[in-house]
Amino acid sequence: MTRSAPEIEQAIDAVRADVARLHAELVRYGLVVWTGGNVSGRVRLSDDGSGDLFVIKPSGVSYDDLAPENMILCDLDGAVVPGTAGSDRAPSSDTAAHAYVYRHMPEVGGVVHTHSTYAVAWAARGEEIPCVITAMADEFGGPIPVGPFAIIGDDSIGRGIVETLRGHRSRAVLMQNHGPFTIGVNAADAVKAAVMVEDVARTVHHAREAGPLIPLPQEAIDRLFDRYQNVYGQSADARR
Amino acid sequence: MTRSAPEIEQAIDAVRADVARLHAELVRYGLVVWTGGNVSGRVRLSDDGSGDLFVIKPSGVSYDDLAPENMILCDLDGAVVPGTAGSDRAPSSDTAAHAYVYRHMPEVGGVVHTHSTYAVAWAARGEEIPCVITAMADEFGGPIPVGPFAIIGDDSIGRGIVETLRGHRSRAVLMQNHGPFTIGVNAADAVKAAVMVEDVARTVHHAREAGPLIPLPQEAIDRLFDRYQNVYGQSADARR
Amino acid sequence: MTRSAPEIEQAIDAVRADVARLHAELVRYGLVVWTGGNVSGRVRLSDDGSGDLFVIKPSGVSYDDLAPENMILCDLDGAVVPGTAGSDRAPSSDTAAHAYVYRHMPEVGGVVHTHSTYAVAWAARGEEIPCVITAMADEFGGPIPVGPFAIIGDDSIGRGIVETLRGHRSRAVLMQNHGPFTIGVNAADAVKAAVMVEDVARTVHHAREAGPLIPLPQEAIDRLFDRYQNVYGQSADARR
Amino acid sequence: MTRSAPEIEQAIDAVRADVARLHAELVRYGLVVWTGGNVSGRVRLSDDGSGDLFVIKPSGVSYDDLAPENMILCDLDGAVVPGTAGSDRAPSSDTAAHAYVYRHMPEVGGVVHTHSTYAVAWAARGEEIPCVITAMADEFGGPIPVGPFAIIGDDSIGRGIVETLRGHRSRAVLMQNHGPFTIGVNAADAVKAAVMVEDVARTVHHAREAGPLIPLPQEAIDRLFDRYQNVYGQSADARR
């Protein structure tokens, strides 16, 4: 993949627009409060992904003030690309975790992190969400796994995400005592996963409060997951 | 019933407009997230219903983008009517279930499916919602029943809906491990049932969390249901 | 009190405007779904209240379509005043209950009924809401009482409201298996009570789920209630 | 610190604008109903804080009607400054508590009080919120403490807030049977704390309903709190 400078510019602008716009979905679905939460999107520039960039939200800025031009462009080590729009600001404090995921999972095109209520509630108990509803089988293909306890400051959050999700059907992980991180083929797909993980976290929470849940047969989960990944939507990747 | 071509066109357009508009009610009442959920409405063209059509939402399309012209017209086998507006898109992945209901229940003019939180919570336990509040007696005339576990891919969901709701007072069924399907005399009536089933699912859930519920006497349920079906609203079918 | 015809007209118009506008508060605070719930306001025309009228919502009409001119004017027997704006429509199916309250409690200037979630949850258990938070002492001066089970069709709902609230500090009653009715010095005051009863019903519900509640001393409840009725707001009746 | 009259005017106007605008955040995050809740902000005029003023909401006025010019300017004894904009109205009934905090904690630049649902639920049990999620360690550096039972009418609420929060990492206190008060370096910071305390109150409530919580190691709490106070956001005080 060789891209001309204008093509690169255009690719960056497209991801900036997507990432800025998609933050509004976190607000719409009540997944974030104040300046919490963040969305990033990969800018694909290289064949093996190693030369890619990503766009992420600035740190501690109101959701009302997010716009494509104040999104921040980073390299895969999480360093801000100097001289680009927004580069005078600090990127999200979760930038290192996003960068780690992009470095180690070249297929990932978007990462989202929130502290959405019910997903964090499962995370505070270190308990995976059992797959007992068909929408969850469709979307995640099984339970939502829990990742290790890790705190900000080094690569441990990123590593925990990658080790949990690599090879897993689920695009969401509940980092223990912390909250959900989701991945996707692009930023929109990761945001969808963030919306859905809170939706199933809330539904299964309430379901279980009131009595025993009926398990879904594994064979049904497999069929639902397979169909949804391949048939749902307007084309093979329409859900994305 | 013989209708001229312009009359048929007009009838289709009216249902398209209704179905597009009614999806916004699912959003307003928080019954759906992302592209989940679907509303359909029957276009009455034949005396016994067998020659009717129905209009349904496209698959995997954002609620912000729904408009009359991208709703999809299907026959009662669930096949898209070629050459009509929106026919270049795939219809909702639940189209087969809607079609089955229209084929087997000619009195049904609207079908709605959501994954609304509390209704799904009861469905995940396979537990019917007991009729303990007067609003529920009014609207559903008794408990909300549970339908069989069935997964997408054949007629089993549609059959489960029809077998559960045929002859039942309730216009809502909780398909086990899946979620609510509602029916009505038209799309608006089915949407109202979807709104009300979530409302009672949530209320009775919270009521029961905190202690024993007082049963409603059957005689009171019968009187309330009868009155509501015949008196409430601006005329006999105003609620619809 | 003798009023000229234009004065009467003006008084009616003012209540129509209030009642139409206040329905939007039920929507804003999530107390109603679809066409459920109703607000009414007394039009004071007589010294002892017996010759008054009241304005109420039409039955089964969308909240989006409520306007002063389609509110319905009734006499204190609940009969629509013929020839007045909106008189071609049926009034709320709860009109008889509102009328009974106005007939028997001349000091009441507004009545509200909703099926708000948590208030109905307490009503479904026939359990009064204990007064354990200062906001509840302020507003209601003690627990929210439960009224008898009564169904629509005669005076039993109205009688149950009056017998429960007459002489009680609370402006709200939870009618068993049904839901809250609130009263006030005018429609706005009754709407405020409807908003507050759901707020305290929800808060005390969640509080008690998680462990034992600390009772409020009766003496503190008395002092809080007294202060709030006499000091809070911009003047003695500003809260109204 | 000596300020000219125009500088003082400008400082007051800036706080009026902030305080009026920030009330909308209480509504946005669902922390208040009707006219409940209040935000105030200190106007810094003196070196040791003793000659400062503060701006607070009027009592019992709708959130729709709040504007800079009807905010009320008070001295640190809670007395309205005569002849200033809004001084014809009564200030919030919690003004004495705000004044007490400003008098005794010169570093505090903003105070907020709400009756937000889950924070009040913990307060009704007199139970502190344990620090089990990283967002809470970031923001509050440990558990959210409970303050004494105190009712309006003297200095006991203000004293309870100050005695609980002085020297405490938390900017939020749950006053028993009453609700949360939060403080901050300015009004925006106190509002952020009010938003976050409800967020963690709700999340930890739901988490604990469903099973045992995993404690956060004290050392992790300390590191998270330290980092967040010093690194997060666009500069050392960006979160404010």
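Letters A, B, C and D mark the chains in the order given here, with residues in each chain numbered from 1 onward.
What we mean here is this: a contact is a pair of C-beta atoms (placed from the backbone, for glycine too) under 8 Å apart; a residue touches a chain by one contact, two chains touch by 3 or more.
What you see is a predicted model; the values in this text were computed from it and never measured.
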Interface numbering overlap (same over half, different under half) for chain C and chain D: different
Whole-Å separation of chain centres (CA-atom averages), chain A against chain C: 46
Centre distance in Å when chain B and chain C are each reduced to the mean of their C-alpha atoms: 33
Overlap residues in chain A, where contacts from two or more other chains coincide: 209
Arrangement of touching chains [line / ring / star / complete / other]: ring
Pairwise chain contacts under the document criterion: A-B, A-D, B-C, C-D
Residues on chain C engaged by chain D in the complex (per definition of touch): 29, 132-135, 192, 195-196, 199, 202-204, 206-207, 209-214, 216, 220, 223-224, 227, 231-234, 238-239
Complex interface listing, chain D residues touching chain C: 33-36, 58-61, 89-90, 93, 115, 117-118, 120-127, 149, 151-153, 176-179, 205, 208-209
